[in-house]
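Which chain is which? They are A, B, C and D, in the order written, and residues in each are numbered from 1.
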Amino acid sequence: MSRRWDTGRTEAFSDGVFAIATTLLVLDLAVPESEFHHLWHGIGHLWPGYLGYATSFLTIGGIWLGHHGIFRRLRYANGTVIRVNLLLLMAVAFLPFPTRLMAEAIHDSDAERAAVVFYGIWLFVTFALMSALWGAILRDRQLLKPGVTDQEINAITLAATPHTAAFLGATVLAIIFPKVAAFGYLAIAVIAVFSARGEEATGTEPAQGSN
Amino acid sequence: MSRRWDTGRTEAFSDGVFAIATTLLVLDLAVPESEFHHLWHGIGHLWPGYLGYATSFLTIGGIWLGHHGIFRRLRYANGTVIRVNLLLLMAVAFLPFPTRLMAEAIHDSDAERAAVVFYGIWLFVTFALMSALWGAILRDRQLLKPGVTDQEINAITLAATPHTAAFLGATVLAIIFPKVAAFGYLAIAVIAVFSARGEEATGTEPAQGSN
Amino acid sequence: MSRRWDTGRTEAFSDGVFAIATTLLVLDLAVPESEFHHLWHGIGHLWPGYLGYATSFLTIGGIWLGHHGIFRRLRYANGTVIRVNLLLLMAVAFLPFPTRLMAEAIHDSDAERAAVVFYGIWLFVTFALMSALWGAILRDRQLLKPGVTDQEINAITLAATPHTAAFLGATVLAIIFPKVAAFGYLAIAVIAVFSARGEEATGTEPAQGSN
Amino acid sequence: MSRRWDTGRTEAFSDGVFAIATTLLVLDLAVPESEFHHLWHGIGHLWPGYLGYATSFLTIGGIWLGHHGIFRRLRYANGTVIRVNLLLLMAVAFLPFPTRLMAEAIHDSDAERAAVVFYGIWLFVTFALMSALWGAILRDRQLLKPGVTDQEINAITLAATPHTAAFLGATVLAIIFPKVAAFGYLAIAVIAVFSARGEEATGTEPAQGSN
């Protein structure tokens, strides 16, 4: 029941998926040759692509920061944690698809609403799986390193909730104002990256002097 | 004859291939612009793509879990192990091709059967190479860490066999009912991910207290 | 305020993004089938693609050498460093887009100037973010390992500046002579790779004898 | 002059490039929809693609095995080694381009010869850079770990030469018999993978008992 998995390879595999998913986003950016006679205009016309690139890159960046924050507090993983992590990676690796769809459809009055809603749902699913990962760890606190305090645990729990809720809210907003919601996703991703918290300088490791 | 290779870089290279092969699967998902006027329908119409994405992602996830389970029990690899591992990676990195073919052909009555059979053959080949990797290790038990018990060895041997056999059976089924078999592959991949077993909590490492 | 992040996963994630961004550059190289009857000519005709490939590969290689030089001198990162690093990775992962644009547009008299200027701006932005990363570290010198000397710090600071300035200068040149500037970017990237400096042999680690 | 670079991140970055370059090869495999009515025939008709996939995968696999064998014998790298390694990675990451060209052109009597010769030249260049990497290390033997014997050094030197020469010979053969040479490249890559040698069991590490 309480089987254990060491975390080193899970971190390596996860970092690989995070790095590739962020980097593949650029493949969807291309100026069609028909716009080469006004290239600056063509470059500017791709703004929904840049918006999607920045939003998905920063979303994955925020997920990575949170993942990093969680895994360095783990002694080892159990079977549930490793499987929820696989689901999270599956959601992250899927993200380039709704990103590209949003970027292509935002100029199209028919498709814009559906594409922005679909993208928002996927951002929500990704963050919700991150919360589920943390939830799976909290159901078996023996997985945590001995030095992890209740205060740290609560801080991580609190940090995840608002972003997940905000993506859900912005997705609802997208039904009425899709373009506003698309910029809202970017704002949430920026906030997620900025609110990720490192370890207290007075934490479990020697802070100064030695090492 | 009994030359040795350390396992660190083999794990790193393997994790890289696993992570990229899973992440490249998303590149094959695209809604054609002609379906933008009914985008939700267009998104739904891609279901064979999602089926292939989920099946191949979870198949590679199951392979990764098994690979992880095997390599953490190795002291070092020998030349045969490292070459069978290269073949396994070659099969994993090839998987996006039959996946894409299945996703494209499943709407096409002419091509559906061949595409699903071809995909099943490849899933079988990939799992069979995983068994061959384990078999190569068992022929030179000095490769295993001293603490690995016969019970653990038997558990790994038993765990690999049913999935390989199930993929073979589902591939035969695909000759008659291709769509049923396509969902069968997904079911087998899900079972493979769920049946991978971590280490016993009373295993070779200190389980609690220290560390 | 002085929260800390360990550097291991930041290096792993960064190396992943660097490795993928360099490797994706090859996807943009293709000889159209219409040139198959004179294939050597078609291979030669792709020279702007090779120029872009080499320039961006070596630029990312130079960034990687600098990143390596900085991170091995860090005890840990703080929140600012980890976020500036995310921005740097975002710029590196974006680089294949202006690279491809430059390679496609250089045969086109309308688009050439804009494409080469846009590429130069992005090379400048990438190197400037590298300087910003170093600047963020210097504002909190506790992040550095104890053995790092002022001489080493000054050498790194001095090393970064000329390349950033050179990319800016070459970008201005591109407004008048785009093709000359395109080769100038390559020259700067080559110089950046050659001027990266390793650790002094009499540095903080045991140089000989033991280990 | 004798500046040093630790090898950990060089190995990580190199493994990333190797893993991605091998995995990207699959993106070039696609059965056109016009062949869906005879899908097995269409799958078979892609054989030059599989030939290129296998040859380039195994070539990179052989390079990786050699790289692994070299780097685990290094205490640290110097500036020349790290730059020659960057050139080697640049050649490896470029390999998908001539591979794809060969696979596309082999059905085309005009382009076949040039494409197979170009591919052979690139395989030769890649192996030659591997030899250059080893040569750069031998010019500064302080880079090697103390336990490395002259016998090991000679074995590595001897192992690299025949493959490089064989690729050169097969490339010359391609001028007269391109299809024969294309299969010859595969044979050389297979031999390179099989002739890579691990460490002697009586080498510098504890072989049994402890650990």
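We adopt the following convention: a contact is a pair of C-beta atoms (placed from the backbone, for glycine too) under 8 Å apart; a residue touches a chain by one contact, two chains touch by 3 or more.
All figures in this text were calculated on a predicted structure; none of them were measured in a lab.
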item: Residue-number overlap at the subunit B/subunit D interface, same or different (half cut); value: different
item: Most distant chain from subunit C by Cα centroid; value: B
item: Subunit B and subunit C, separation of their C-alpha mean positions in angstrom; value: 35
item: Subunit C and subunit D, separation of their C-alpha mean positions in angstrom; value: 25
item: Per-residue overlap in subunit B, given as positions that touch at least 2 other chains; value: 12, 16, 19-20, 24, 27
item: Residues of subunit A touching subunit B in the complex; value: 2-6, 9-10, 12-13, 16-17, 19-21, 24, 27, 75, 77-79, 82-83, 86, 89-90, 93-97, 100-101, 104-105, 108, 110-111, 114-115, 118, 142, 146
item: For the subunit B and subunit A complex, residues of the former touching the latter; value: 11-12, 15-16, 18-20, 22-27, 29-31, 33, 36-40, 43, 53-54, 57-58, 61, 64-65, 68, 71-72, 193-194, 196-201, 203, 205, 207-208, 211
